[in-house]
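Next up, some structures in structure tokens.
In the two complexes that follow, chain A is the common piece, with chain B as its partner first and chain C second.
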Partner chain A sequence: MGPLLKNLVGERGTAVFLAIVVCIGVIVPVLHLVPEPGSALHLSGYTMTLIGKYMTYALLAVAVDLVWGYCGILSLGHAAFFALGGYAMGMYLMRQIGPRGVYGDPVLPDFMVFLNYKELPWFWHGFDMFWFAMLMVAVVPGVLAFVFGWFAFRSRVTGVYLSIITQALTYALMLAFFRNDMGFGGNNGMTDFKDILGAAINAPQTRVALFVASAVALILGYLACRYITLSRAGRVVQAIRDSESRTRFIGYRVESYKLWIFTFSAVLAGIAGALYVPQVGIINPSEFQPINSIEVVIWVAVGGRGMLYGAAAGALLVNYAKTYFTAALPEYWLYALGLLFIVVTLFLPRGVVGLIVKEKESARPPTSTPPTPTPHKPEAVPA
Partner chain B sequence: MNAAQVVKQGWQKVFGAGTGSDRPMPGDASHGTILYVEDISVSFDGFRALNKLTLYIDVGELRCIIGPNGAGKTTMMDVITGKTRPDSGSAWFGTTTDLLTLTEPEIAEAGIGRKFQKPTVFEHHSVLQNLALAAAGNKTLWHTLFKKLSPAQSARIDEVLVTVGLKDERNLRAGILSHGQKQWLEIGMLLMQDPRLLLVDEPVAGMTPQEVERTAELLLSLAGKHSVVVVEHDMEFVRSIARTVTVLHEGSVLAEGSMDAVQNDPKVIEVYLGEAQK
Partner chain C sequence: MVLLLALLFAMTARAQTPAPVAGDPFATAVAGLGADNFPDKAAAVTVLTELRHPNGRAVLAAMLDGKLYLRNADGRVFITDAGETALALTDPLTMQAAGTGIPDDFARITTNNSLRKTLRSAVAGFALADPDAAVRLGAVREMLRSSLDEDSAALLRGALEKESDEDVRQAVREGLALADLESPEPEKRLAAVRALEKSLNSDVYNRLTSMVTAAEDGSYPEADERVRIAAREVIGSIDSSRRVYGTLETLFFGLSLGSVLVLAAIGLAITFGVMGVINMAHGELIMLGAYTTYGVQLLMPQHIGLSVLVAIPLAFLVSGTVGVLIERGIVRFLYGRPLETLLATFGVSLILQQIVRDGVSPNNVPVETPQWMSGSWQINDALSITYNRIYVLLFMVLVFAILQIVLKKTSLGLKVRAVAQNRNMAKAMGVRTQWVDAMTFGLGSGIAGVAGVAFSQLTNVGPNLGQQYIIDSFMVVVFGGVGNLWGTLIGGMSLGVANKILEPWAGAVLAKIFVLVALILFIQRRPRGLFPQKGRAAES
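Moving on to the complex of A and B:
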């Protein structure tokens, strides 16, 4: 194992987390494809897609944890980046429908025919090409985050003010996407997808491929964030979280760090959204609702802020509870969510995962045995 | 210029360039003076915090600045470090660096380090990591993301750990250090930046007598290699380290000289020492 790899996955929590994701990524598709439908071992397409959806949520939670848990930027607008990635994917899927739509127009999606569009709006060009759509999945949220961050961070907007304007951002996008003449399908959004890369979107193999892609994206996104947090830059980012002005005084360009971390996180959120849409089969402006972004923050808080796998675990946990509650006791879900958030804030500052994982850096002074150098301190000076 | 260089320069631009390495050495002090503060005035909502303040600091000097509350000590530090812009006057670091045109990080990079009144070490980082964060060198995101500390930086960390006496605490979380240790760590962080000029704000407030003594030794050992400006209320401490004392009053210099000369100055007795003895 190379030193880089060892640093990345050497820590126990990370190793356990990755092992679990890999296991899920292998076992779930096998259980879906191999046993006959009806056998006790068979996993329905619905369940697999549900777990796949959770994985994209987990990736979104990891992205939010990077900016909130490590950099101290409480973004209450990350679901907007998620939805933008989803819309980019949705546009590709709409173009793939081709002449099979209800109105049979060879180029225009159904909703455009319905709204009397004569030709494709300029921003829909290129989305018939998969590579272009995938590029936009990263570029659109990234550019928006960059421009937003450029103004916000350079004006030194921080704390609750920043949180509020991120809410305003996602709310404004919601209102915009609800408009029919924006050209994104208005309040119906985009649905009735048929193909992705020439494969039928509802075929078991396609679903498995999307599921595996979600697992792989989660793993790679996690590792990228982990690399960042372990690097010297990661320490600078955490220093910014703890004392921004102090970090500036030591000579770091705080705005630049925040801007790029925020942008990277938005790109990850966009990728998560792009994997989400083909699995749930629809994207509409309700994804931009301010409450969605707040929910993501709750996932992270419940799982364990400042621990990437805690964030991912929180996303799985809360969403499993949500699926269960909204089926069994639908009217109580929001109360349960609120209660959960209060309990975690008051009693579990390090989240559910923080209960299991012991504090890494012991608060005790060194005993007779010298402190063992931890593997992820590349700058440790040879003693 | 080949393509690789273009890409590299582009990255440096995009990732917040300005490593400082290609600029002329700031703070040319060949005339024996490291800091020129001349006729600086600052007003906050009509209150004159600094009133035509003029002050010179020599290379390698250890200067103590005293004065009653509201005399403008902290504002003076703020002006030198770029936190506050003066209404008028000039501030030069050496003969070539105009401090009034630089931002806070640029001033830190040019070689002026400031220790705040309250210890502000990074509590969640280890002592070692605190020093590594403060190490002089390329601080762009691109660099810190992909490069490790250079051997020279690691050696410098070792050296500073010894200087500030925290060698045994290197792997401890800074949050659990004692108050005095945090102050030394912070001075160590300043030293990591290889500053030409150190501004130290109330270093011994809240320290035990042993810690005060240790801090005096530390600051005396730094003078000569660095220029040090200490703002302090503790007169005993000032007496124990001071060679030259500057007394500020209502935003300008009231008196300057040796501790004894200053203490016997009638103006000083009236506004400062007199008040303290009441």
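Moving on to the complex of A and C:
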């Protein structure tokens, strides 16, 4: 365990990142619970939940970075896995409402009573049990990613094509979840959650627990990804990113590696979604919007792809900027976001973190981000 | 002559209002409408019917609607329109405004049932004699709306003999047959049922169905067995021809949706297909085209009909210029890195949307549809097609043809293809590849703008217009095969038709989901689309 641990957290960026997350995970709850409200040191529940939300985003960004930064698969549909995990959690929370809903039905959630459901649809069974719901949080996105990847990677759909069909996937899911008769609450989604594991969902202690859970999930998810990237399989995955055909010719089963890393990433995204929903208190189909997935990609790009802590930092950075802008200068947020997309891709191919660690990198051979093969790529234009 | 007299009369009338000028039978008859008993009124109506005066129809129609008033002071008759406080008067003799009057000074010319019946057929009779076939058809339809009485039937029979227009004849025949279905003689009913065989009118269909639908006690509204059998046969034949027209309609809707998809995708087929650039701002270039139409309409509100035509080249210029700017400013630094262009151009799309939101309005803007594009082409009772969809379909074909010509017959097209096939070789042969890149991108973007003009006539124009199309456009290009315009055309059309075929039994949203899923599966099977590029360019 010793050498493994050293490897995992040995890198300076990782160590710093983990230290920061641990600090936040400890200090924020303490500041929320211990000082009296109104004292200068008190941190409001709103702020804590906001930071908790950022941490689930960071986990999602780490998941996207794992496939994009390390395997070269630009998924424009990862928000779909995030939302599916969120829906699984939402279904559990809906079942926990029980007879306390507006219509007071002991089993059916409000929207089903409203839509004249006579009994619970089959896929809602079991979601009253926490362990089952948590299993589904991982299984549903995982299975979808596995099936999708199985077809896509085996038929060697790569690059842009893969990006476009992942986008189509999340778009199709969005349309599906917007339908009322799908049994997922239609465009209103699910909300009005009451409690989780018997604890009132709005109680400060529950919020703290959810916050700590998000921090722990982020740390564990991060370490898992870090472990994968350091493993032998991780090396192969990076080789696939750098030259897929060459890796295949050497004798590796490229599609298997891609499939497993894609599935794992989807599961991580699902877990992030499941932690996100109880903190924001709602899940609805707009989480499936293609733009959400693209935004995740830009977090990763801003932070620095191919560096897990970079991705997480990017998520925090961009989302903090979003919160700030939408409150202070709402009309400029989209300009800022748009410019961010352009500036980062043009001038910061390795993101903000890449800019910071650049000097230290110069000693090592550069792992420049390679062009992803396209079916029909013009040769690079000399400037 | 009559008009002149009437005019003279009107002039003097204003000054002095004498009794109607003797010798003008129309004026006399109109005055007769104000008689104080119904037989005299009926006689006046008959006279008016026989006179065939151009104003007769309006007078009788006004009387039927209770809009004909008698001025108490001088006994003169006016067509009126109820205003806020006063009646707006129209002189029936001249059909010109004759000032206003206080309702208390007037008495409405009343009608009774039999008089209204006479009036109705008189008004219809006027319309049936109109030189315009459309007016005649409208009159026939109007008469058929209520069940026909003997008089109206007689009127229609008379009209049928004189009628030359086939549509009107058909409508009259249908109406007469429907009237005959009420006849007590089974033979006559049988003949009527047979006569309705070719009809697609839904009234006819409902009437026939009700004849053969058994009541609670097992009896049929139609007593005669033979008539029922005939009616069932006719219903069957109507059903099958309705199915044919239904299929045709679905097919047309599919082609129409397909033409929209192709228009949206064809610019992308150039930037993505030929250049390998993922332009996520493509939808916003479409949106700019639609807003150009809006701008042109603001500048020339008097010429809406012309505005769309003016907007086409302008939209090409606007979107094309923006496209060239995007290419020169961003895309050219990212060639060979398609995923990066995707992100950067996505940023551009956000900025363009926000510019429109701030610069114009965050809400949808009203774009008017020119007269010549509104309305629909009524082929028969079962099939009608709106003109704007026909025009968009034709427009798509035109744009496609022009694009093909540009790419295949012009020197720019030659260079575009050369650069797409082998950039370095083209460069070695002296092609200014950077210039060609900019022009190609501008061409694709300009086409997007032109598509936007078409879309402004089909959907709401708002800052999010482009968002709706971007995913569909990419799917069409990928489905058709990248770098292949014909593939885009066939891909878009077949996707449109597939969508519309699925819609009736799956619903619009589910149909779209099915098509998307099918597309995802299809791309897995054939990652290079329907018509993959062959040769070395396809590798790499």
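One rule holds for everything that comes next: the second predicted complex is superposed on the first by the 356 of 383 C-alpha atoms of A that agree within 3 Å, B and C clash if a C-alpha of one lies under 4 Å from a C-alpha of the other, contacts with A are read in each partner's own complex, and residues count from 1 in each chain.
The definition used in the following text is that a contact is a pair of C-beta atoms (placed from the backbone, for glycine too) under 8 Å apart; a residue touches a chain by one contact, two chains touch by 3 or more.
For clarity, every value in this text was computed on a predicted model and none was experimentally measured.
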item: Partner chain(s) touched by A:252 [first = chain B, second = chain C, both, neither]; value: first
item: Touching partner for A:104 - first (chain B), second (chain C), both, neither; value: neither
item: Which of chain B and chain C A:260 touches, first, second, both or neither; value: first
item: Touched partner set for A:121, first chain B, second chain C, both or neither; value: neither
item: Touching partner for A:3 - first (chain B), second (chain C), both, neither; value: neither
item: Contacts of A:334 with chain B and chain C, given as first, second, both or neither; value: second
item: Chain touching more of chain A, residue-wise (chain B, chain C); value: C
item: Touching partner for A:37 - first (chain B), second (chain C), both, neither; value: neither
item: Chain B versus chain C as contact partner of A:233, first or second or both or neither; value: first
item: Chain B/chain C common contact set on chain A; value: 371, 373, 377-381
item: Residue numbers on chain B that touch chain A, as the complex places them; value: 15-16, 18, 81, 104-105, 108-109, 114, 116, 120, 122-126, 128-129, 132-134, 139-141, 144-149, 153-155, 157-158, 168, 171-173, 176, 189, 193
item: Complex contacts: residues of chain A adjacent to chain B; value: 228, 231-233, 235-236, 238-239, 242-243, 246-253, 255-257, 260, 361, 363, 365-366, 371, 373, 377-381
item: Interfacial residue positions of chain A with respect to chain C in the complex; value: 74, 148, 151-152, 154-161, 163-165, 167-169, 171-172, 175-176, 178-179, 290, 294, 297-298, 301, 331, 334-335, 337-342, 344-346, 349, 371-381, 383
item: List of chain C residues in touch with chain A within their complex; value: 273, 275-276, 278, 330, 332-344, 346-351, 353-354, 358, 419-420, 423-424, 433-434, 437, 471, 474-475, 478, 482-483, 509-510, 512-513, 516-517, 519-521, 523-525, 527-528, 533, 537-538, 540
